[in-house]
Amino acid sequence: MTAAPTAVPAAGTGREPNHGLRIVAIWLPIALAADLLIWFVWGPHLPPGDLSNSAASQQSDLTVMAVLAAPVMAFVLVFAGYALVVWRHREGDDEDGPPIHGNTRVSVAWIAITSALVLSLAVFGTAELVNPAGAGAGEGNTPIWKPGGGAPLQVQVIAQQWRFTYRYPQFGGFESTTLMLPVGQNVQFNVTSLDVIHSFWAYQLGVKADANPDVDNVAYTRPLHTGAVTVRCAELCGLWHADMTTAGRVVTVAAFRGWATATRTQLAPLTKNLPPFTLTYDPNAVAQLGKAFQKAGLSGAGGQYYGPQYPVQP
Amino acid sequence: MSGTLSPPPSSPAPPPEPPEGVTRAAEEASFYHEAALNAAWTGVRLAIGGLSFGFGCFVFAYFYLRSLNSHGMWHPAGFKGPQPWAGALIMALVVVSALLQYLGLTRIKGGHKRPWQLAALAALALGLAAVGLQVWELLNLRFQPGSAGFASVFTGATPVFLIIVLGALIWLETLIMRARAVPAISFVEQPPTYAEAFAVQRFQAGLSAFTVLWNYLAVIAIVFWVLFYVTA
Amino acid sequence: MSLAARVATLIVAVFAVAGGAIFAVAHYLLGGPPTVDFAAGPSGQVSVVMQTDASSSPAAVPDHPTWVSYFIRAPATGRWIHTTLFQVPAHTRVNVTIFGYDGSTPVRNQYWGQVTGTVGGVAHYGGKPVQTVNGWNGPYLVQHTFAIPGLNLNVPVEAGPATCTAGPCTGNAHSTTTFSFETPAQPGAYRWQCFVPCGLSYLDGNGGPMQTIGYMTGNMQVAS
Amino acid sequence: MTVELQPGKPQEPGGRVPGGRQPEPGPPRSPRAWWRRPAVHTGVAGAVLGYLLGHLLGNFIAHGYSQVQNSGQNDYAIVLGYVLGTVGWLAGLGVFNDLLRQLAGRPVHAAEEAGDSSSGLARYFRYSLDHKVVGLQYLVGMIGYFLTGGLLAMAIRTELLSPSTHVFSSAAYTEIVGEHGTMMMMMLSSIILGPLGNYLMPLMIGSKRMAFPRIEALSFWLTPAAYLILLSGLMFGGFPFGWTGYAPLSVEATQGADAYAVAFGVMGISLILLGFNIIVTIVCYRAPGMRWSRLPIFVWAILTTSFLMVLAAPVLVGGMYMMITDRTVQTAFFTSDLGGSSYLWENLFWFFGHPEVYILALPGFGIVCEILPVFCRKPLFGYRIAAAGMVGVTLLSFFVWQHHLFDSGINPDMRPVFMLTTELISIPTGFIFLVALGTFWKAKIRFSVPMLFALGFYFNFLIGGISGVFLSDVPADTTEHGTFFVMAHFHYTIMGGLVFAFMGGLYYWLPKMMGIELNQKLGKIHFWTMFVFFNSTFLPLFAVGMAGQPRRVYTYARSLETLNDWVSISAFLLGGSILVFVINFVWSTVIARVPAPGNPWRSRGLEWQIPSPPPPGNFTVVPVVLSGPYEYGVAGAPPVADLDPPLGVISRDSLGDAAEQVEV
């Protein structure tokens, strides 16, 4: 981008200052200072923090992009600001400006630089997506980017209007409204919904996965520290969308095991009633639920929306 | 100063001699007449582009739901689809109608107005028959609209096709009515006045545009037939 | 048009538009069901009595008589009010009685068959304590739940023996679910809702009454 | 004589006086009393009749259906009422009169005659075929829709003043958010093409008329119908799903959702028709000498936008139609139990929804590129690059829609591709900045009100564009998606971009369109307040979003109250700034009416070479375009057009070379 102004042939008198050089001289320190500030001061505090590896990767992504964006923004603003000051219309000057229709070198340089920036960002973004196992984003039911190192802790996120509940299939499949995670261990969230589309957003973990009805949407993360996790719904899901929150925690492995074992025992009477752990829970697939619907006279699909003439196979 | 009201060119070359007998009004009339003919040509192709995206949205739904096959409910076992004979007949009616109309077009291009009129009337009747049959089929569906993914796409897409076909047939009807006002001789030799020549040409441009659209809809009819009756 | 005419037209237009906007905001956006105010009784406790009905009489619920709905009994008059908004004092024990005039609907998620957040962790069905209900197979069936997620409160409401379709109902053919909970110290609005998809003829039972304040969901206003 | 697909020259048989009129002009119209002629009042009558008819029909068909009886709501009646109401509205306006005449084989009045059939203020309330009348109708309509949406925004910010004390209920808040979003995204899709495109484009390409004036007028008259239908949703409890209408929430919602679906569908049809007419007009009706390389950049912008409208909006209409069938005849497009999928809606919606974003961006590019050279007194830098950028954006915008669905679980392995296409689109968008910076170089910049708005556009769009790059990156998007960050981003591109450009265009072109000058002093106050308070409103929202506030919430974390209050107060001040605009607009056009000089900006644009407001028929003679519109400072540049060309040079064949004949 620095090539842009200097490449334009200076028209007019020989005394004409070298505007390009001036602009670069103003721009360079600003851009440099901005980048240093972003990289060393601002970046480490950027959301969503570094509670998990996916959050940390997002933080570094944001920092890198901010470092790249700052000089671009600075260049445009410095150039425009310089132009507005130096090349503003003076009273009594009714001449038109120099008839410059374009400049191939400048244009080519601009296109080359923006393309290079954009392409490197795409490559970087892809690497950052693949590297921490999908960067905490929902990966659908057949994730292709998985974390290595043994089976992760599986947590099923069940969204319903308007509360998240969590099932822990590796601990007897109990279901709870509490989200508790052990530190340092890979976690696999299986996000699904019982009604409409929600989005499971564990802010500090940098995890966001849409909860779609009858879809298992997988997201991975690995908590790096202990701390609080705020879960919110990030997809408008109706009346109480704003209230659909969970206060979760990342705790030590021992504390997690203790909590899980205790909860498993405590909730045993409830767990007995739950359907066996599956990845989705629609009434066609969960036999007992289908029967219960039939018994209540709700034999039609979609909770009787479709009427009894529609096939449901409980 | 270039920004002010433009004066006539500063040192104009002597303007070329206007062709014999051409007046300002005639010049502009023919300019916009030609623009209108081009607009018919461009417009119908653009409309086909837009319609393709409209139909494409149902074709996308068809293949998307088919590939997802949620709960095996795209086309569940024992699902009884729409009447195959009706589908084939609707498709055939539209295609034959388009063919007839196209044949009529070749005749009117050859200067024969009457055969086109007959062909167009027949095409109109066949098209209306197709619409009627489609309506009958929708009123006598052998399945509930939501009983399968396929059923949804079928119940959703066919009325859209039906409405577009009906719109095209209304256009055909207006063409038939317009043709009545054009003397048959005008298709053989040049009419004596600009106005009549323009009217004939506009009719012809409209007819050409309609033919393109109607042939396109025949192709869509075949596509929908294949989707809904052959490969379902 | 003369200047005067233009100005006059303009003024009329401004008033018409402003009037329309004010009417729309006041009538459609600020309107809502009334709030029933509960004060603490002599024992320092609050008694809240509600009922659930499969559908209501058009006189009581002109908007959507076919919808399943809660009613709240006004403490002063004893009349049944069609609302789901009520106000209770902070830091107070609330004793809730719900008369169930609706039949059973299966819970979508069995988790909501569990009683949580009440005093003693139990609710009483006709006086009998229950902790976990299997809303699919019984022995107790449920019709709705009364849940205040902000307090982690959830109580499945027992299905009634009959279905009353002309709420507010007064007969004896109902179930009675009772429980108590403590209101928090923090004042504010606490939403409560039903977790049983009971909006009949809405997709998955989730539309209509489930999404409309005044029917199956509302606010508990905690006053300081 | 043969029928050709693209006929050549018309025949010129001698003898008679030629003319473009119909062979048999219909019987002369007897001037009927005003209340017997079709206009808004007959339209309203038709709409009421149509609605009642549809409602009765719906009740007749469906009153016994179990879903109607159980839910107590008859979506058939509402949808049929809306649809037949719209048809009745159009019929009352006389939209179908010519069609019925044609069906009966009777001659149709030529468009230009129909356009002149009423004059004075009354024609603005009729189905007028004059593109200048339609342009002004659109202008007033769009400003009205914009102000409605703006008032709803004020309501949103009022509720967000406090996380705990609520002015509106959660339900009312969700309704307001949905109405605001849909109003702004859907009704204002044609905020520039409707008023400025329809009015100015024929002037800019040197045409006396539009290709399809009936379609053009129809596209406008659909918008009041869509507007009223959309707002009527409030009577049924609104719709709880924002402007995106995700299924199954939209399928299970109450009747307000019908208003959303029908209104959006009707507006989609309006967009298709609007774009269709504009494309054909630009392609076929350019004046001789108006080569593609001389097309004003604004015309390029509306051409590319129109292609987006014609090709993307059908998918929207199809999606809305599917939602309606799911809600009425119970198809199962979006119900997975029965073979549908909620993903289908997301794909269809965003396949339209992303081009829609560029429908809202490209015309803004066009306006600022049009304004810059005039006030820099320099040629546009890189004209071809600007046009190529717009075409590039248009093409790419069809291949990016899944970046709205990065977290949804749809095609997760395709995300790198969509990340790439999304980031690629910033290259052609960057061209617009290259053009601006190049034009600034050694310019003589005049800070008139239109220029200020253009500069404001660039400042805001810079922030909007850069934040868009952040969103295109999947890992970063994981945190930003669905938050106020996204909200701030698209308000920067649409409100900060498009609306600033629209305002600039209005200050620039209103002297042309109405022959009236907007008060420049109020204009400067308007600009500076709007610029400052816009940024003060939306810049903090990036932080709010990054701090974890999701979109469309009526309550939020207490820690964010200060920021939200700042934003709300700024938003009210921004509303006050819009009020300054309204006052200026009303004052200047209704009360003061100071006549504007013929070409106040000394622009070379062809539209400025004729009197303001343009006479009926725009040009006395079809002009012959001699050079490009941006030849400022070019020594010896010919005038932009010959407005009184000699006989014999106006013909289709001479589109390219007639100019040279005259130039010599």
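By letter and in written order, the chains are A, B, C and D; residue numbering begins at 1 in each of them.
Please note the rule applied: a residue touches a chain if its C-beta (ideal position, glycine included) is under 8 Å from a C-beta of that chain, and two chains touch if they have at least 3 such contacts.
Remember, predicted model here, so these are calculated numbers, not experimental data.
> If you tally the C-beta contacts for A-B and for C-D, which one comes out higher?
C-D
> So, what's the distance in Å between the C-alpha centres of chain C and chain B?
Taking the mean C-alpha position of each chain, the two centres sit 56 Å apart.
> Can you compute the centre-to-centre distance for chain A and chain B, using the mean CA position of each chain? Integer Å is fine.
Spacing between the chain centres: roughly 46 Å.
> In angstrom, rounded to a whole number, how far apart do the mean CA points of chain C and chain D lie?
Comparing mean C-alpha positions, chain D is 43 Å from chain C.
> Quick check: how many Å separate the C-alpha centres of chain A and chain D?
31
> Which chain D residues reach two or more other chains?
Residues 66-67, 70, 170-171, 240, 248, 252, 330, 332, 335-338, 343, 377, 631-634 of chain D each touch two or more of the other chains.
> Pull out every residue in chain A that's touching 2 or more other chains.
Residue numbers touching two or more other chains: 96, 195-196, 213-214, 238-240, 243, 282, 284, 301-302, 304-307, 310.
> What residues in chain B touch two or more of the other chains?
Answer for chain B, listing residues that touch two or more other chains: 1-3, 70-71, 76, 144, 146-147.
> Which chain pairs here would you call touching?
Final set of chain pairs in contact is A-B, A-C, A-D, B-D, C-D.
> With touch defined as at the start, can you tell me which chain D residues reach chain C in the complex?
These residues of chain D touch chain C: 66-73, 121, 151, 155, 164, 166-172, 175-176, 231, 234-235, 237, 240, 248, 251-254, 335, 586, 590-591.
> Please output the residues of chain C touching chain D within their complex, sorted ascending.
1, 3, 6-7, 10, 21, 24-25, 28-30, 32, 64-67, 188-189, 191, 199-204, 206-208, 211-213, 219
> For chain B, which residues count as touching chain A in their complex?
1-3, 70-71, 76, 144, 146-147
> Of all residues in chain D, which touch chain A in the complex?
It comes out as residues 66-67, 70, 170-171, 174, 240-242, 244, 246-249, 252, 330, 332, 335-338, 342-343, 376-385, 405-413, 415-416, 419-420, 423-424, 426-427, 430-431, 433-434, 436-438, 440-447, 455, 458-459, 462-463, 466, 469-470, 472-479, 481-483, 546-548, 550-557, 631-635.
> Name, in rising order, each residue of chain A that touches chain B in their complex.
Contacts found on chain A: 94, 96, 214, 282, 284-285, 301, 306-307, 309-311.
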